[in-house]
């Protein structure tokens, strides 16, 4: 696997949320608007890159039997850093993401990459992998939040499209930005991807 | 023999009952309620019902076409969903909301699960929950609630503002919030003062009150469900224990039980939604547990909840639990007694 | 931020960590439980994300399930292909290296060729259809055409040909796992070596009369294919009323293919050729064969005559 | 007191076609095909060879084990072949084919009255076994095995099954009206064999004539009573009949003898009498040839091995609208694709149904209406069992009681979605049996 | 000690703000371990156990370590460390001393370490305030952890029941598996919306 593939695999082929079904809690909880989704994606990416780098650097010195607690401490450190940074510089985002910033610690993606990739591969590869996965995570979040924001409020990234187009009277479905909407969007996106896969398999298979 | 015979497994004769017949009978039994809604809310009620039915049927047919499975709209189940959904909306709600609600009900709650028979939740109620959560203002604000027109002559030329009103339960809720010590009977009279003129038990019984278009007339729904019971298409246990449960719970909590039975969507829910075969338990014991759960949640939401009406949510909540109820109420098999010792 | 605060932070986290670490280290000694080394090895390989995507309680739970219950090894989605390969090597479940096989359908009873004996109504599955009078096909051994084999194939290597009502195997995709063979209630699906071309498309063990009553292309047990001048190598042998190919023996089986009166021998190579090509090949072969037979006849005749002459001479 | 069980359903019974027709004797068939395996248990082994001359009642085979019985020639003539012939179930199995010499000569000793009063239980059982008596209600379980309970099982009751809950069939009804004495004698013999103190004859209320005759004939006998049962399918199921008669549940997986009962068909009782008293093997039985697609519905006394087509001819032949021919009753019988399939020991009827009545439907999804649950005589969950089988969860279906199911078909009859429940149960039972074999 | 507070906490954690359906916490195990009712029950019990214990321990850490030394910013690190170690310790302890309990409950423990619901409840216990600005006390925190676990278990059981039934349904090919699970979750969450705005005070 070359470096480019390593970088891009997380975008779609092995997208952590949409394909591997990891890190679901933040993908559903904070994706009520693109702004939140993007913020969450970037924050997670930062933590992922930081922890992967550090884990990869320290991999020779971490004793195997207690590696998991050590990874968690490393991740938690970066999460705290990000948390404090957001509080200081983007308080509004910090406010709307709330509880889910500290919960990045228990995002399966980050621990999973640390264990499965960073603790085995070189530092450079780990960074590339982490950035790729982070971008994949962000893509998924933005996709989900775009659907929810548009269906829920008729707006995209805060721009009320319908009103701009001059269509009045039509309102978005508030349900979509409530919890059921999160599950629903996720289910429909996964369903669409599965449908696509089945269709492709049928086209290439058969005759 | 030149003609080839048919071979299939036994039994070789089958009863005349069919799903299609059942569904059409249920649709038929809803006609009195539809007529009452027309009588009280005017042509708008028929219009919304039509929008809802057409949307449901078209959605079902389109999805089945897309899935490349046989199109089964003629079995009447989509029509039923459409009618029940329309019965659950206020008369002056924008029609496109009903259309979307109907679409959602069929597409998500029914076809995504594989169509009739596999849905976990009552599609019409999912449609209603969807509309209520999505457009709460349209679904609950006074602006869209209509007082019954109450005469055929007046059905044209009504404007929205002139006839808007709150439902009895809504009024009770508002009043309760202001003064939680009141019990319902008093509030009912208060509600009357607040422009909800002359609502008596009789009005509630025949449906001469404001509310969703199909839910107000207890009488019409009762006629329908008795028709179904005579045909053996409805298990009497669910409505009986549901309504009985509501009576007991409200009475225990010190509210007016008769009011709580006649008001709101309880009749529609107990007679038509909770008895939906697909989404209710199979065994009799399961049905009784189901109905008591319904009564509990209905009363809880009505009295403590944020919504004035708890019927639809309580049915959805108990729908979630149906697989579990079924699992734990498997009837005892014949012959599962202690083996009789031969002497 | 003054230094004392940094030191307090450092110390307290360090202290918490140290205490917990010590307790855990001690606990792991005291509470040590022996487990299957395979379980530990697999647990090592798994990503330890404990995400639950596999449906088992955590990575060690999944590892345990793989070893003790023989659960499918492909369930770990975070681990991806790497992990699957590694588990496979631990469990030793890689495809056993043997002769590559592919499945084939030993029945050519298409909708046109094979008769039905009654109209079947019931669940559209082969295993259900056999329950009413052994299936609707007039032939007791033929393909029922509901495609349970296709459903059983996890590699997408089969599809139902709508026109013929028979399953078709895509050789490139077939791995010879035999799932379709096990799925077929009529034992119509069979395996053959991947590099062989010709197979017998009939499964009927019935007598000739019965077969020809029910199917246009069923083997009537004429035994032409087993004759030494058809298959000199003896690769085709009768087993009961049905010939069986022994793929171990070298034979192109072309003679059998053209001589079979019911065209039961199917050549996979023919699928890519046009009808004219096939016809031409057949004609060519027939001509060559006729020549050969004529020559053989002539030789036999000459031989006989020579013998006769010798006999006469001897008299 | 109402004699019945919980669950069940009464489909339109269609008995009007033949209930008033007295039993007629069939003319002798030209050839008969007598399958060697006409009962539950081990197949019997042929003891005749091709070309042998046989006479009516001559054994053609010997029992292949304890749970096995011989078959007997039903006409006199020559053994033409021993070959695989399609049976009523549509499967091919070994049968002895006899070509008639049209003399109808009896084998020696057959049909001659014997004094059986002093027979011991073992002698009676031996006689029953030698005469090849199997349950005539359809299940075809060898009767002598039923009458040989293990020593620790005390049998208190013999229940004669004259219920005939299957729609259309009237063979038992007619038999009860036309030869009640032999049935009662047969019952007495069976009671004597297992030392049972009580005999019960259960008859459904829609056969008032039979009830009257049987009551009259048994009025003088203290320990035999006739009970009138509610009209409901499957009232004639062994376990349902026992529950209706004596209110005892046969344990799941158990046999009637576990509650001290042996159940037997009235036809079987008649055959037992004939075997013991007249030394007459089981070579003929009463068959209802009926249904709306037959011109002249009849109850006939037919020789075992007669092709079904000859019975149909005898009953006037088929009407144009013939759609399905069933061996047995419409609820549990097997549909036939070939009318040559011979009459066997369990053939209680040849049923010719028109499309209107035997319509086949496309299966729709289950709407969980619970109809099947409420009618299931064994209180199972047919819909859950079926869905589990359909999705390959055989263990689950077994846990839900699939093996208790007796395939009576009541659930499938009432199902508004027209699901082929019984068909799936067959599949599931076979799969479970296969899994158990492998384990 | 106000008893009505406990009722409010219970109703809120179980119904109104159900951890899974309302707060989006613990989705991974909710999707992962809800295939069978049996394992859902085991997982639920384990979660109740750990959540209660984690609430106790984190409350103590917060009050006696972090607040005392003014180290609130180390909350995340300290909590996750403590929870992870706690879970691991219990797992080892159970495996050795209570093998029967371990089989039914302990096997789910590793899955809980990275269950955000546990860390979530710990943080929520600290963050949550009553109308008068006061924080949860020790008993309220513990009770909140316990009832949150019950809420999680109820959601998990409902889901498992539905999924067992869906196993027998003809779900469209493209919806089979995870997609329909999410849609079911969505519809359950929709039903739970009925509790929104509920006030029992």
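So that you can tell them apart, the chains are marked A, B, C, D and E in the order they are listed, and the count of residues begins at 1 in each.
In this text, a residue touches a chain if its C-beta (ideal position, glycine included) is under 8 Å from a C-beta of that chain, and two chains touch if they have at least 3 such contacts.
As the structure is a computational prediction, the values presented were derived from the model and not from experiment.
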item	value
Chains in simultaneous contact with chain D and chain E	B, C
Chain E reached from chain C - shortest hop count over touching chains	1
Far-end chain from chain B, centres as C-alpha averages	C
Of all other chains, the one whose Cα centre sits farthest from chain D	A
Centre-to-centre distance between chain D and chain B (centres being mean Cα positions), rounded to whole Å	49
Whole-Å separation of chain centres (CA-atom averages), chain A against chain B	40
Centroid spacing, where centroids are CA-atom means, of chain A and chain D in whole angstrom	68
Centre distance in Å when chain A and chain E are each reduced to the mean of their C-alpha atoms	22
Where chain B touches two or more other chains at once, by residue number	4-9, 108, 112, 114-115, 117-118, 130, 133, 326
In chain E, residues with contacts to at least two other chains	28, 31, 74, 77, 81, 85, 88, 113-114, 170, 175, 180, 183, 186-187, 190, 193
Residue numbers of chain D (touch at least two other chains)	90, 334-337, 360, 365, 384, 390, 420, 423, 426
Chain-to-chain touches, reported pairwise for every pair that qualifies	A-B, A-C, A-E, B-C, B-D, B-E, C-D, C-E, D-E
Contact set on chain B toward chain E in their complex	67, 108-109, 111-115, 117-118, 120-121, 126, 129-130, 133, 297, 300-301, 304-307, 310, 312-314, 316-317, 319-324, 326-327
Residues of chain B touching chain C in the complex	4-9
In the complex with chain C, residue positions of chain E that touch it	28-29, 31-33, 35, 39, 42-43, 61, 65, 69-71, 74, 77-78, 81-82, 85, 88-89, 92-93, 95-97, 107-111, 113-114
Complex contacts: residues of chain E adjacent to chain B	37, 157-158, 161-162, 164-166, 169-172, 175, 180, 183-184, 186-188, 190-200
Chain C - residues contacting chain A, complex	13, 17, 20-21, 24-25, 28, 47-51, 53, 77-80, 82-83, 156, 159, 170, 173
